[in-house]
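Shown next, in structure tokens, is the structure this report addresses.
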Amino acid sequence: MIDLRSDNVSGIAPELLAAIATANEGTALGYGGDTRTSLLRERLREEFERDLEVFPVVSGTAANALALAAISRPWGAIYCHQSAHIHNTECAATEFFTGGAKLLPLGGAGHKIALPELESALADAGIGLPQRAQPCAVSLTQATDFGTVYRPAEVEALSQTAHRRGLRVHMDGARLANALVASGCTPAEMTWRAGVDVLSLGATKNGAMNADAIVAFDPGIAAELRFRCRRGGHVPSKMRFLSAQLIAYLEDGLWLRLAERANRAAATIAAGLAGVAGIELAAPVEVNEVFLRGAESTFSRAEQLGLLFYRRPRGTIRLVTSFQTGDAEARACVDILKRAAA
Amino acid sequence: MIDLRSDNVSGIAPELLAAIATANEGTALGYGGDTRTSLLRERLREEFERDLEVFPVVSGTAANALALAAISRPWGAIYCHQSAHIHNTECAATEFFTGGAKLLPLGGAGHKIALPELESALADAGIGLPQRAQPCAVSLTQATDFGTVYRPAEVEALSQTAHRRGLRVHMDGARLANALVASGCTPAEMTWRAGVDVLSLGATKNGAMNADAIVAFDPGIAAELRFRCRRGGHVPSKMRFLSAQLIAYLEDGLWLRLAERANRAAATIAAGLAGVAGIELAAPVEVNEVFLRGAESTFSRAEQLGLLFYRRPRGTIRLVTSFQTGDAEARACVDILKRAAA
Amino acid sequence: MIDLRSDNVSGIAPELLAAIATANEGTALGYGGDTRTSLLRERLREEFERDLEVFPVVSGTAANALALAAISRPWGAIYCHQSAHIHNTECAATEFFTGGAKLLPLGGAGHKIALPELESALADAGIGLPQRAQPCAVSLTQATDFGTVYRPAEVEALSQTAHRRGLRVHMDGARLANALVASGCTPAEMTWRAGVDVLSLGATKNGAMNADAIVAFDPGIAAELRFRCRRGGHVPSKMRFLSAQLIAYLEDGLWLRLAERANRAAATIAAGLAGVAGIELAAPVEVNEVFLRGAESTFSRAEQLGLLFYRRPRGTIRLVTSFQTGDAEARACVDILKRAAA
Amino acid sequence: MIDLRSDNVSGIAPELLAAIATANEGTALGYGGDTRTSLLRERLREEFERDLEVFPVVSGTAANALALAAISRPWGAIYCHQSAHIHNTECAATEFFTGGAKLLPLGGAGHKIALPELESALADAGIGLPQRAQPCAVSLTQATDFGTVYRPAEVEALSQTAHRRGLRVHMDGARLANALVASGCTPAEMTWRAGVDVLSLGATKNGAMNADAIVAFDPGIAAELRFRCRRGGHVPSKMRFLSAQLIAYLEDGLWLRLAERANRAAATIAAGLAGVAGIELAAPVEVNEVFLRGAESTFSRAEQLGLLFYRRPRGTIRLVTSFQTGDAEARACVDILKRAAA
């Protein structure tokens, strides 16, 4: 069995499991009052090269919805790409946490918001008119749900347009590490230096045991989150075990090395399928997701041969690699698909 | 340092940490689609001797607010004791998740809802009148925030009154194991047999790493929770690690043994302080919480001598023991308090 | 000045003002407990040829948002046309009253939802999947915001598709009377016989003083609305004055006569502009709205000549006639536009 | 029949009905863009002797819930007297509009919040602690639901305590005119000069046809209300008819004369019953509400003799007079009660 259904089918990276075990000594104040959570804050400040606040949470949905609620009014409009996870795959969590804001999906090539689409939407939004939901935020998914990556210049252009109109910018970084590896830029360059006000920093898909974090680059956003997280049930009392994982995640670039492994496996699969008749890449592979087009019979055979993946609309399948997917497994995946297509 | 600030300052019980490590092999479907979560469901059905559904979550606040939202309308009234955690210490989470229901606090000796108070409140509630919030639920905290325990007959009497009027019954079992040990009854006797419709099953305060669960004894409640948990960001993707802990927690009565240790430490402290001049028990000790009255100077001295605890209003302090609090630590606590009072 | 900015710039039809004055005698129980509200219920049952419940409210936004909240879950998806008033011009009221449901806009010619678009959306909606907002309702705007009219067969086809999947059907009938006149069918044929479960029955735009109504064809929906209206602040205490107006509105077909006048004025304008160089109808005129395309200079001149109207995107203007717009005014409007275009 | 069930059983004061008729000429921009609404703003500024914004709405519940939502966070605590209308008789509207804030009822003699109760509640509130709902507002009901009246000095003392802790002050003035008449002070003295930040200005119970208003003494509150009113469905499009009524209401002190009539009728009833065996005043009569204690048989006989009123708990009945209750009717009420008690 080769399980490429999602990167969240993976387990805990050994370094993070070790960090949990190490943190399991003595007592520690609950709800983030412990020393490890303070240390995590310090580590993130170094990593992102600026002051910030951090709120460890247990799911990407929680991170996204809480972060967006902190920057949107209940009558707000939040712009995202039409393929965004927050719009399609989070059971209206953002609408819930904001108290009824609207997600307004935009188009754009490569599953990234096109700047002219955002500009045009804002021009027509009726800012200040009480009958219209009021533009409050732009949310960028990084990497996107189709494995593409915004470059810092793209983030910056969108952010500038947003900020000019008074909107704040959120980045859903469920796969931020993969995007950093793909683009070769620093966390700072990819986020606040490019205008991001609040970040969902994913770790779960990349080796953590249900540990993600909201990183607020603005004290006003952080002040809101203290209460929003608590009333959302999103302040696990034994916070030290989330913080310990996240510290280990950042230690010596572990997060990037884990992401690199996942990205490399996807690249191996993509390269291995080049020129294979009956299977084509539906999109370029930038991070750890591979989208393939082919005959349904091909894909059914691949399943019978032991490859696990999810189907997407219009004859497409999605393979997602993780830090656990080794080279051997990537090559085995290629073999299965070649045999299935033969 | 003897840290009795709360039972959530404790770490992970070794058996549960081992269960996490054991579960960290291979891949597993996310969001509860894994085999361990299915197994947990089976184990709970045995433990509670009936059909049920389970939703692992990461905090007691999440469990309570989600469970109550599943049994209350947005214009609902939820009755609880005036000392209830959901009313005082969860940042209005229940009001948030229900979409604006009212918590109506009732009185009652021993921090337990008095039946006549509930009856009188329901008689005056204006059931069916559109100008009144409509009674939907009763929530019982077990053990209470002051360490007292509802007996099954008490739960049953309150449940019958509630059910007669069409309300559902929730039990906030953040310290259910401690209450079971104290009362010597089975999980079934304490919950659904006594009329409980939905249970917050705590494990975090008793040895788990941020793993509690909502147990729904009614399929209609469970059907709601599938969506409510998801849009609340409360379906951690790597659910297997919560389920693995909860399975280990139930295994061979571990949860009761852990709770017994915590209860015993509290009893040791209470017994050791009997007859000590200047310190008196503010309440009988039934589970793992000890409330003491005394001079502020006594308590300050105790802090200087290395005892950590929280102050409560009106010259009272609270000590909370956990599965980690051994006999030696309990006796050392007594010694400190005696010296402080001398 | 010829004011065609909207039909809500009009005043109160004399018959309705008289009804207010007549109702102003003696005392009457508040909040709908009065005899006139009971009588309204009876009159509506005759008019719609079936049992129903009615909830008079003071705005179309209130009617729509409350009606949709009664048929959607907080995690619901509500389908509407992308031009729908509820989506674009009600400040996210539906999102607020539902507690966070999503409005999902669909396309379709003539500003009406295309059946294949609805079918395809439902097929892809992931019904039952907890990560997806769950389809709960379809909302049809009748007449649409661009003055087009669904025929009963169109309503029925959409309703059948919706009902087959468990969705309920709402009709935003802010201009229902105009649509009935245009299509020549009965209220029953246009609504519940074609599958509508709950109706926003507009009267304000057609002669009432802030009096619209929610008409529930299903007792379950009505049961919800009793509480939802009250906690929304939407049960005016002196309800008799809304009910009196609505009774007068229905009396001897007054509502249809008022709408006919408005529709006729729009038709007069459309006919008068046929063949005028420099001005073209942007859409066929079915009810009381006329959309025109032309040069900005033409429209500016028309304003200087005393015609009041609103601009729409892409060089279009909108003229809305009302029961107050007489033939003379319609012809004068044509004259102004001709002179402006000359 | 003498109908003293509530002041909202009354009709429209002739001056206000005339104002509606007069306003029914020509066209007027909708949603408050009309000249009468501008004029109302000016008139209120004179009446209250300062800058302010006004939002006409159709119910007291709407005014209260919207006003409180504009000054509370979703995790806010709002203090009110335990007898407050917002707490007991508005179907949790405030909880709905705020997105889940808590109403915390306080005690106090005469159904008015006792200053020490507020001080003590705030001292224990845990301001800044994320596990606690955060104190945001105090709401004063003027006159109270039991017909008592806060004096300006009382309002000021409560407001100062509230402001010192960062809370805002709301006054539910559903019967403000009656309270002004009873206390002989000016609108300014009773509201903003005494620290009120936002006011629900009632007119419906005192002669208007479903026309009340929110008066915001702070531009920040007003900025919120523009959107909150709209998404609440509380901006009636033909606003001119509410504004016209409210202008007439204020004209030459009409509101005070109407209230004086109601208060006088209540005083007549109270005076007439002095010394009548078997009936006693349950509370002093300050405005237009009379609470009586007596035998159930007495009250049943009074009903049979044609007096309409509501029962309250513990053998009490409530009579409410209005601007329509003349002297003759008041004396007839006394006669009936005397005969009933004989």
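Here are some notes:
Should a chain be cited, it is by its letter among A, B, C and D, assigned in written order, with residues numbered from 1 in that chain.
Everything below uses one rule, namely that a residue touches a chain if its C-beta (ideal position, glycine included) is under 8 Å from a C-beta of that chain, and two chains touch if they have at least 3 such contacts.
What you see is a predicted model; the values in this text were computed from it and never measured.
Following the contact convention of this document, A, B is the list of chains adjacent to both chain C and chain D.
A centroid comparison over C-alpha atoms places B as the chain most distant from chain C. Averaging C-alpha coordinates per chain places the centre of chain A 51 Å away from that of chain D. Chain geometry summary: the mean Cα position of chain B and that of chain D are 42 Å apart.
One simple way to say how far apart two chains are is to compare their mean CA positions; for chain A and chain B this gives 34 Å. Across the assembly, chain D contributes residues 31, 74-75, 90-92, 96, 99-100, 130-131, 227, 230-231, 235 that each touch 2 or more other chains. The touching residues of chain C, counted against chain A in their complex, run 74-77, 88-92, 95-96, 98-103, 124, 130-133, 313. Across the interface of their complex, chain B is touched by residues 3, 5-6, 8-12, 17, 20-21, 23-31, 57-63, 65-66, 90-93, 96-97, 204-205, 209-210, 227, 230-238, 241-242, 324 of chain A. Contact residues on chain D toward chain A in their complex (touch as defined above): 31, 73-75, 99-100, 130-131, 134, 226-231, 235.
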